[in-house]
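In the two assemblies presented below, chain A is common to both, partnered first by chain B and then by chain C.
And now, the complex of A and B:
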């Protein structure tokens, strides 16, 4: 198990800088997710850790020792690729045993380890098949067993679940997580799927355009996003955004004027998640909208409201809609919300807009439904 | 709604109508010559093209009385095997691997250069080799060896087989090079990444990832080039003329020399039938030995 340190690590291909100088520390046994859209540099980071790419600048260290000059094959990393990358001409047994070929290991010891790894991922019965005779999920398990068989210090997972169907993906997510906790291997998973990142990882590194946008626990990223990118990338359905103009302690949103918790001037963006909005009677709220679309989703009802500031999505618990199309409803939320972002899209931590219920209405009606 | 009456009734396809042009072409250019050749093989047709009698004499001559034939067959074996293994497959594979390991632009240039002899007219290429091999002071090889104090060698006279293997090999290597380059390019990059992560060196990647991917195309190239080497002789005819005497005359050239130099058309046709038999036998053998049907089966790698 290794502790991983990245110090000012950057990567360029010719003139194109794909990774800005990056600093990162991953603790021993930690499960970390690199999350971001395609082309944000997350896979590049994984390949740098694997040693398949050489960094343009900076130092990558395992347990405090630089591995910059150490070949992939000597780093003792296990990698699972999105395409599984199984050797098509070898059987499952040979595939899993492949990394052991390059270690001087007694035959029976190698065979024992292969069986052990195969049983760990529950493919003990498939050892004599070839990759082409396996389903996607089975191939995925073989790739995992092959990565684990050499008892790596670091496990790198490059979008390992992307090619699986939805049911299998959910199952594998839980399985991977419990396997990682059981084995205690320092693990880095690269994914563009926020659900994958937040469900499995202890810590999520959200990347955007070759740089780290935010590092934090899944809850941190969800509740306290550093900027509009993270706010928009994490959470589904995405956070609502309203543009507003602040002057002193007031914010002008459409035709509505709201109070700011502190003085601020300039264009701001308000961000609020659909499930954080409570729908109340129009008189009880400072912002009013009209129900434009109603989408019952089973456990929840998804509303699209049109307000003078633009369209807003609201997620309300309940199996049937409490409001009808065209209804005028009031929008409120807990104190501290909505989040406020400045012109550059950075969150202003100690600033908030007052969307709390109007005082004259009795408290019982105002509690957010969630 | 479309009224059903307006829908065109389903008419049975007429495959013969569409296939006819192709079938006619096949019949005229592929099947007919074989039949004509087979008939001529049983005649005593000579330079005057007149058919005297129908006879099996030609075949008896091949089996019993042609004293040159054992030498010709041995020459064919050496020529085909050496050219195939050293150049058409061996050098081709080496070129493919080397030219894909270097930066793309350089690799393309490199492969382009190797394709040049294939693009140049055979006569020009033949003359070049004759110039290289010429023992006179103006021959290229002599120009190189003379200043080093080495005696001049008459390649065409003393090592004619070596010369024709070299000349054919340098042209022939590019075929395998092109096919195998495509095969190497088609290997998913993740596979070599995985091998490297699993502990393989560059050599290990070559052995465990590249080589398995090349085995199927190499089988195809081997068969195709073997047949091609068996039946073509233009460079040999141009460079050594099959000589001295019959020293560099493989089977295909022998047929040509018998039929057109000696004017024994009937005998040439009989020899040609023999070559066809050898070719068919070789194909079937290789099909069996190398499980070629697997090559033509659907790919086993799932494209993601």
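And now, the complex of A and C:
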């Protein structure tokens, strides 16, 4: 187990810089997720840690010692590849025992550790099979056991769950998390699936185009995204975006004018998650839309509304739709929302737009007029 | 309400369709069997002729008799096997019937063919004086065992050399990015396509100056060089199928590059190695042109040359013996194929990949 430090680590292939200089500290025993779309440099970061790639610049340190000049095979990292990368010519037992071949270890000690690792991931009964005779989930467990058997400094998981079917993925997610907590191994998981990242990791590093976009707890990334990229990448269905023009304390959204919490000028983007919008009577809201699509999803109903500012998605709890196609509805949300992003897509932390329900003069106005 | 009679739905004649399906299926099966049988005949007949000829005296009458009888028995066996194979599902004891068929064939062979056979043509295996003319050709013709040894030596040495060179070369071409890699691959293909016979004279002169003329090592070197491009190209295709992930995984597990190669990569291309080695071995075993050209005095005669000289007789060729030598020449190849055919059929030709 090790504490990992990355200091100005960058990577280029010839002219192409795939990783901007990057600083990162991972505490001992921490479970960190590298989240980002494909090609954002997250796997490169993983391979840099494993020593499979050499950094173009910067220092990678385990427990404060630079490992830049340490060979892959001496770094003692456990790695689980997306393809599992099991050795097809060896049995499961030999696969798990493979890393121990290169450590001077008494034979019975090695055998004991193989059994222990196999039992840990519940494949004790499969030890004499070949990888080709195993299901995807079992292969995944073998790969995990092989990575764990050497008691690695750090466990690296490269999209380990993406080849599993949905049910198995959910089960493995919980199992990986509890295993990591039990063993206390510093773990880095690479994934493009935000659910995987937020459910398993203590801290999520969101990457975009070879640079870190934001580091934080899952809740941080969800509630306080630094920029539009993180806001859009985390959360499903994605955050709604409305473009608006701000001048002084007013924001013009389509045909609607809303109050700003502070003065600002220029183009802004409003971001609001579908589940943060409450649908009310049109008179009770500052923004009004028309129901265009209704998609019941079981626990929730997913609406697509058309407003003067564009289409908006709304997720409402309930098994049946409370509104019909073509209904006019009002949109409101809690104070502090929606989030406001500037022209460069960065969030303006102390700025918000007032979408709170209209304080009605008297209750009588809400009475249906018949 | 009353429109159910408006559209007269023609009732489907299911029985007719069923008959048609049956006719179609049997027709296709018959066509396929007839086609395959006709096509295999010219391929198999020479082997039958070779086998029969090698076991009969040079008397043409007996030769023909045996050839016809063996042919008839073969046809009988084939027809029986065909019928058995087609009706296996309907039979209660198929294994028993197969056994009966085999017994009948053996019996027929024993009664009608066996009495006419002789081992005389194989006398070269224990007599060096194959012409039975005293000692006249003894100096020219070495014993068949020497020829077999020479051929084996040539083929084994060539296979070893080619495999030891081609394996690392193919791995490097598959794995490492270096300048000129693409051109090297194209060059390999070109080299393989080049008619090697055009080089015979040049190679002869070169070997003469190298002092390797008239010596088996010289032939081995030449043959290996000619076989290398093909072997490298095929093996590269096999290495291409081994995923990078596996090698990277083994590296993180603590293995060195050479350990990864030996313990992880090589076992995965085992089929390819065996297939290419078999081909290289057979190329050496069957080689005629270069051994004929480069081994001037015939003390180190290979089997191909031995066969050639047995056929060259001023008194007219003894075809029985030629056939017998052919059988001896053929046998090791058949045995080799039995063991390696499963790997050879797996062989696929991967194209040039970047």
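Quick note on the criterion: the second predicted complex is superposed on the first by the 360 of 370 C-alpha atoms of A that agree within 3 Å, B and C clash if a C-alpha of one lies under 4 Å from a C-alpha of the other, contacts with A are read in each partner's own complex, and residues count from 1 in each chain.
Quick note on the criterion: a residue touches a chain if its C-beta (ideal position, glycine included) is under 8 Å from a C-beta of that chain, and two chains touch if they have at least 3 such contacts.
Keep in mind the model is a prediction, meaning the values are calculated, not measured.
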Combined model on chain A: chain C and chain B, fit or clash: clash
Touched partner set for A:163, first chain B, second chain C, both or neither: first
Contacts of A:132 with chain B and chain C, given as first, second, both or neither: first
Contacts of A:347 with chain B and chain C, given as first, second, both or neither: neither
First (chain B), second (chain C), both or neither touched by A:273: neither
Contacts of A:79 with chain B and chain C, given as first, second, both or neither: both
Touching partner for A:52 - first (chain B), second (chain C), both, neither: both
Stretch of chain C penetrating chain B in the combined three-chain arrangement, among 3-11, 75-83, 111-119 or 291-299: 291-299
Common ground on chain A, meaning residues reached by chain C in one complex and by chain B in the other: 47, 50, 52, 72-73, 77-79, 81-83, 85-89, 98-99, 101-103, 146, 150
Chain B contact footprint on chain A (complex, rising order): 47, 50, 52, 71-73, 77-79, 81-83, 85-89, 98-99, 101-103, 130-132, 136, 139, 146-147, 150, 163
Footprint of chain A on chain C - complex, ascending: 243, 245-246, 248-256, 259, 264, 267-268, 270
Chain A residues touching chain C - in the complex, by the definition given at the top: 47, 50-52, 72-79, 81-83, 85-89, 98-99, 101-103, 146, 150
Touch list for chain B against partner chain A, complex: 188, 190-191, 193-201, 204, 208-209, 212, 300-302, 304
